[in-house]
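The two complexes that follow have chain A in common; it is paired with chain B in the first and with chain C in the second.
Coming up: the complex of A and B.
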């Protein structure tokens, strides 16, 4: 049995400060939902830097390799054609296409890696923790095993940072 | 924060002595060169004059771009760009000296040569000594005059805080960018491309623009790092501002190599003798290895260094990358200006002394101009946004 504690705030400053305070007092932050990107929230939530950059770089190298080898194989190995007297394996002419495959692989690879890792795939049914989350509220979701969750402290912290609303939710795994 | 007083940055006597020494050596090397090897001396003068012009132009361009795009983050570093702009008049002085050395480096300035050359005769309506000087004056007067107007708005803002100043500076900036940008393209045709008057490349202006932008950004980054160390920018400019600039640099070194390769590949592909002559000169002998060095310095190494978030937010790695780009700008200009007159590269005291002199002049003028005003435009509406920059 898991317990969710859902708090809504009116503005981003309260949210960031409350998030920091909750984590300092030993609560586990599951996620925060905001109408727009909030600077400093990732730090308050203790999020690690995204690894997407590395994935992007890997896909870029893959695209570069495929682009270069593909053109080399087509124009120098499989079906050599004399174009303007250039050598069959002409690196400068391969560059633009290799560049395009590099950014194509990097772009698409990053997007699909993001979708796959975050689970935001077509047909996914979103979990709505608080109705206002789709409107103008800044919502923080804490999660804990039922036995170790201290509701009194959580409520105290919530009201300290001017939370407008909070409720609890139980869910079996 | 020392926002409300003029900043206290100044050069120590020792630094002044060193800068004067380098400037003097540069001037001396040039004077000696004019009598011993005029072509080389004037080529060096053109290189350094164009370098100074690029630094000054980039300063104004950064100011103008950020006005026009309504950028908030750059307000805290605007005075740095404005101080860079003060280098532009000195670029004018150096470039104007070319009047006396035109005949040593520009083939089209000899009337007898032009008369016997149908191609040069056809271009003589544009490429003639009088037109060359008139255009140079027009370019510089426009850049400096309108640029000063934009900056004076920013200074007037310090006094009365009337937001109307920002609005009119935005309008002037758009005007400056549009006309001044076209002028920059033509200036690179006039001053650099006409060294080989039979050859032409329509992307040449853009190529020079990208080099000017990377070197200007590199100078801004180096200047900001040193200003931060002296403490003038304490509490005003954070590592986040440097991070924004290093992202600019990261993007524009790639833009530089993109344009370099665009020009190279189209000429390679078409393989027309009157175009390939440019690269044949630069792809044989010692110049060939300099071409590789050029790409390493201007793109490959800075790109590899700045690829990571950590290195973009670290003063040391930024200093290395920016210095490489500044040196790379010299190599890039060298590869444009010297091959027309030489079989193989020359490099000696004259090149070192004159570039060191140009850099010293830049630092001297920059520090003097920066010390005159407050370190940040304190009444600017976007200042708070800039001070709170968070990346």
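Coming up: the complex of A and C.
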């Protein structure tokens, strides 16, 4: 059975420093809950840079390919029409739309990837570990196997960094 | 990093805020009864919108013969309004995306409302080409889709087809950017909601946002990526709108300066409209501590810059008309300044060249009433710019036998008023029912001085 140790702070600086200290002392950080994107917390939590940039690039290439090939296929293959004597394959004239489809695919693809990856989706219920994390509290959730969790050290670190409140919770609750 | 500079800077919001007071202030607006000023604005806007709905219904049922267009002046009021509204939208993206990329932290109090303005302005713009088609129920023919008419596809070489893609991409990406930016704040509304129904609505709208930092971490990456995509997008949109003109062989339109000229003009008019709106919103919603004099000053400085680029463009056009030695081009510009539409030309010059010069003075920049009045003059001037470009270039073309005059009918004027009605109605609803200030982003810049303001 797993155990959660939930500790709240009232400012970002305590949270970042405490997170670093907890990790240095061998605790496992499950997640932090904050009212805004705290800078430096990703390093303290040891998070790797997101790969969504690569996904964005992939979708951009896809959009570009669809935009270019789609216009070429429609104008030069499927039903060529002579418009003002211009070539059927008018590549320079296809650029603006290809640019727009690139942006459209990259933007929508990245956002859908974000929503899918983080599980932030319409109709989902939020998992709330502590009150006021969307208001003014910065909450850190540690997790460990029940038998190996050292509560005394965790409490000592919490009070060292001016935590407002902390409590423990078992997985089943 | 540059924290030693930050520590001497003014705070970005006034009134000694802490995290809790920011939440209370911004969401308090949504929880209280609206002010009288809000009701007055909303009802005036709604009446204008009603007038517009009547006018548009009438012209769709009767046909666009209800407009003052003729064979010579085939684009006039309608396309003027289209270009005007698309331009307005550009300031919103500039504030939300380009200033984000430049790490301009003051944008946090205004980016939400500016982005909302963009979406609403693009919606207003979209109406005009659709009603100009005459048969708006066929509007979906603009999109390439397999059909039973051949399939006959659209002509991808036409700038008008580029417009369809540019404007719809712009609307979609802006709306997504705006909504994604709002999800954390919607979760704050959900967590504060007292009634069951409000909890359910905002619970659904906030997509189960829990404030998890693992999510925040990815979210920040995506926010940056969207800003990076929106920045070239916004430049492409008005570039393509200017291609509608520049790719046609009409004197006065057929110039290579059009794309930068239009983009600068769009930002210029858009910032003026942001000022008009935010000065109303900060008064009606009592947001003086968030949208501070400093914000207003920064925006007026952008206006000075873009107004200068617009001035330079006007001068370049005249210079090139003379220097090109092209008789038709020279005639069009002389006709602009001295022909039958000279009054419109000089309104444009007066509003767009002179108005921004007042903003050089700090006394004027910090006087909210003056800024409000001047911003309205710029709005008027930029509407006339599009009117001048379209009507003066068309009404006297190569053959004097084809010359004609153009006078708008009351239906066209009612449609313009109606589009303002739509714009302000939606904006008023937005400031009443959604978090008008990005709570999360304002909170993140609150502690820019570091712990205890020590810069660390």
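By our rule, the second predicted complex is superposed on the first by the 171 of 173 C-alpha atoms of A that agree within 3 Å, B and C clash if a C-alpha of one lies under 4 Å from a C-alpha of the other, contacts with A are read in each partner's own complex, and residues count from 1 in each chain.
The definition used in the following text is that a contact is a pair of C-beta atoms (placed from the backbone, for glycine too) under 8 Å apart; a residue touches a chain by one contact, two chains touch by 3 or more.
Since this is a predicted model, take the numbers as computed values, not measurements.
Novice: Check chain A with both chain B and chain C modelled on it and let me know: fit or clash.
Specialist: They clash.
Novice: In the superposed arrangement, which partner chain does A:66 touch: chain B (first), chain C (second), both, or neither?
Specialist: neither
Novice: One more residue to check, A:103. First (chain B), second (chain C), both or neither?
Specialist: second
Novice: May I ask you to decide whether A:93 touches chain B, chain C, both, or neither, giving the answer as first, second, both or neither?
Specialist: Both: A:93 reaches chain B and chain C.
Novice: Between chain B (first) and chain C (second), which, if any, makes contact with A:76: first, second, both or neither?
Specialist: neither
Novice: In this superposition, which partner touches a larger number of chain A residues, chain B or chain C?
Specialist: C
Novice: Check the residue A:40 against both partner chains and state whether it touches chain B (first), chain C (second), both, or neither.
Specialist: Touch status of A:40: first partner only.
Novice: Among the options 22-30, 148-156, 202-210 or 346-354, identify the stretch of chain B whose C-alpha atoms clash with chain C after superposing on A.
Specialist: The answer is stretch 202-210.
Novice: Find the residues of chain A that appear in the contact set with chain B and again in the contact set with chain C.
Specialist: In the superposed arrangement, which is not itself an observed complex, chain A uses residues 39, 49, 53, 84, 93, 96 for both chain B and chain C.
Novice: Where on chain C does chain A make contact in their complex?
Specialist: Chain C reaches chain A through residues 18-20, 23, 144, 150-153, 155-157, 159, 161-162, 165-166, 169, 172-173, 176-177, 180, 183-184, 187-188, 190-192, 203-204, 206-222, 225-226, 229-230, 232-233, 236, 240, 243, 439-441, 443-444, 447, 450-451.
Novice: Given the complex with chain C, which residues does chain A contribute to the contact?
Specialist: 11-13, 31-39, 41-42, 45, 47, 49-50, 52-53, 56, 70-71, 74-75, 78-79, 81, 83-84, 86, 90, 93-94, 96-97, 99-101, 103-104, 106-108, 110-111, 114-115, 117-128, 132-136
Novice: Which bits of chain B are touching chain A when the two form their complex?
Specialist: 261, 264-265, 268-269, 271, 307, 309, 390
Novice: Can you list the chain A residues touching chain B in their complex?
Specialist: 39-40, 49, 53, 57, 84-85, 92-93, 95-96
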